[in-house]
């Protein structure tokens, strides 16, 4: 398989999709991204890096941060985590209060917003300044000490974040947030505001492809079982209400963000990052999904 | 890896779990199974078959039949299928009417009961006598011409099947069942009543592990993409409301049945069948889940 | 108050509404009614009867039958009834399965379809041929021995009644229907198919306005408390998902049917029946609601 | 009817219920009330006042304030109100987020918490300092210039009010709160914290019994239609998830509060206030409901 050729072809093939989708419009900083942008990068376990498109452009990783934050908390806190958040896919949108109320404040999984708020809350209790710790982790794993938050985006999210505030207050009323609501929200929004490029993101995902051992930092970030677990949750819950569609078409563990990025993992082989700001109706990057579908279909590679 | 040794060890290790779970009690024919029974079989792509426990005892495969029926319908009817049933995991129990009503009679996925009824309905329209066709298919793929329905169980299910009748009538009222309600239910219950042993089941699952090409019958049952798709849906939706738990612990596409059986697939390598009648609170075989967890954890093999 | 003048004026005033609504279209026999028809009748406790419009035309009373069936069952079976059905208003449409599932097969109130099926089931157990008994009761209370079922409508409802069959099978699966599902449905549809005119209906409602004692038959049909109870349930639950709107605008206990009829009760004074086939978006007769609103607003009479 | 004798008898009869229920326990200030307290007062349109029990003891009126606030806003803002809140009974608990999400931030009625927050928001926009205005209104209508907030209770509610904060933030995210979330919550909690005795409360309710014209202040507080409307909403929505039970047993428009008080209205005749701190499972005062049931059953008086 000639990976460079493959992703260059894909970049050309998905071009028609760029005009069919618009960026997230709920905050100005995201809405302003040019939807014609596209980038894809593949980092292999043997140290190769392939990239195409706007691969050096940093974008807001948004919910992709949830996969890394979960990995950090699972490493530190272990299975005790699962007493505060479930690991089952949700049949409802990522910011729904309905299921949360029926399940009395215990979110269905760590990748819906409520679940990520609980993970952030645990991180605050266990690690302290959780958003800074996540930033430092990603700096190490992408070998890019310059990575940082986008404070404008974080502030904008906070200002428009009444839905997330509703989730947090509800869980606080159920006793499933231990720290101050405003503090949890601030760290959550800050972590989501991190900016990375697809090459940085693909590299940072390698420890998930390598059964927990990072070839970048040389650190064993997770046990083999924990890496399996994070990948399993990415596959079943990582792409909002479209996990079934992604599993069916792409067949890889993925985590997407409303900034238009998607991180995908092929265990034992490689980590893939794609970015294009235009979103489909379920909040995933339209062109990125098309690109990943083509990548696994043409290469014949997937977990299935 | 010494597979025979591994599954013999596992059979010994899960013995304490046998006493902790009771068989399904909603129909007498299932309730009467001795919960002390356990069997496990592994069929590899290179033609080996390993088995332990009550591996020749035939049991009611129940919902495992849904995976095979889906494979048949996908092969015949293709992606048109997805206009009548979704492919997203459900946040609700397998026989819930709630989600079905919110989604106006289009079931979330083909493995909840409502979805399987739609698949059966399509099979009736496309294939004719769908339950007999499924029996014949499984006779070929297990190389066991004696496989058959358990008419006592089918009749008993039918008699106690008011919940499934409610699902079917509701979908009929939405226009999403085309055949007669009673006929659809009869074929559904008959397919579920098929009796197979773990060795027969493991062998019958090989075409899913071999990207669609059956090493038993020599027939290409599905395209490579379709095999990926079936495995993806098994992983995200195959174990009732516990798909996340299975992905997390086992990390393989699985399909379970209330008869206590589970079929698991390791693409490119093997097919695994486990059986023990005692069920956990979510309707999956307790000892079979424990066995599969140990199998992937000790062997280090999983899709992740 | 000159009642005849008032209802004649109202008949003129609501004429523009007749063209704005269409009859129920789910069965041909109802869909064929001319939407230009309107009738209103008032029967007072002192024996007067006032009528305007097509007041001798018999129409399908449909769900209005539920109020009479409930009165019969409450008289015979007493408060034991409330162990099988609630008496709280429902926040969901009249034929919803959602709430029924959450409340494990115990319908919210006797006027949603599921609740009326339970009441019919109790009537079958307590009274025997429940639909014939209801017909005979209404013949006596309207002093019209010729009242009868419309067997064409009953058959048509049965043929298209998959939604009601779903409700019945679901409750059967929960153990809250004791008789055969098909038998319950048959009696339910037959009772709904009764044809009455507004004058007959207004007269038949007098026992509810007279604290249980019928001035027509001379029989004490309900105790004073039971009459209060039926009126209370009509006010809180009698008009599908619009009980609040009716209470707010009309301020009387009402029971409506998809045939376009509404029965209203002013306790201590009178019984009012209105009919016009065109329905609003919630399944109540548009012109009949307008007429009742005008009647209570102009007369200053209501329970509030 | 000898009202004094009747309520004295009732006070004796409900004594056994006092020990069967506990005060609201979610804030210390309410939890500390002695559950053995009971009081009942009746104010008639002809100026009589009857009282029994701890009738001078002021208690926290809590949600009873919602009826008065609604009356104030309806008088000022009129039917435009109903574009921001519904008037249908809710099938869900008073503080549920589920229905609110399905109905996209428009609360079902003004007496569930979400609805009362919207009414408070409108009051803030239309009247300014809404809680002080309500206090002044109640001072006039009870002829008690000393009535005031309980700032300790208001502060305690605010501290434990994460559930209400969740509702408010959710509606803010839907655009259905116009003022600052914290400001709306502060006025809401302050209005709920008002302390009144049953005699003061019964007197203050007289304008609702007198078709809008207050015999206390001599002011026409509502039009006849508006008084009917408020009473209608009290009857269908005024007692949390037990409106059907109240209508069935009591047959009067009622508004209850978790402080243990209930205000009931018999249009054209009288206003009744009852108080006892112990609550039943649905949040209404257990002994107060028993007392109102006996009052209407023995007197034969109710709206039905």
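Here the chain labels run A, B, C and D in written order, and each chain numbers its own residues starting at 1.
Everything that follows uses one rule, which is that contacts are C-beta pairs under 8 Å (C-beta built on N, C-alpha and C of every residue); 3 or more make two chains touch, one makes a residue touch a chain.
Worth saying up front: this structure is predicted, and the values here are computed from it rather than measured.
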Most distant chain from subunit C by Cα centroid: A
Whole-Å gap between the CA centroids of subunit A and subunit D: 47
Separation of subunit A from subunit C, taking each centre as the mean of its C-alpha atoms, in whole Å: 55
Inter-chain centre distance, subunit C versus subunit D - centres from mean C-alpha coordinates, in Å: 32
Those chain pairs that satisfy the touch definition: A-B, A-D, B-C, C-D
Partner subunit C, residues of subunit D touching it in the complex: 86-92, 99, 108-109, 224-225, 227-229, 231-233, 235-237, 241-245, 247-248, 251, 253, 267, 296-297, 300, 302-304
Residue ranges of subunit D touching subunit A (in the complex, touch as defined): 96-98, 100-102, 162-163, 165-170, 172-173, 181
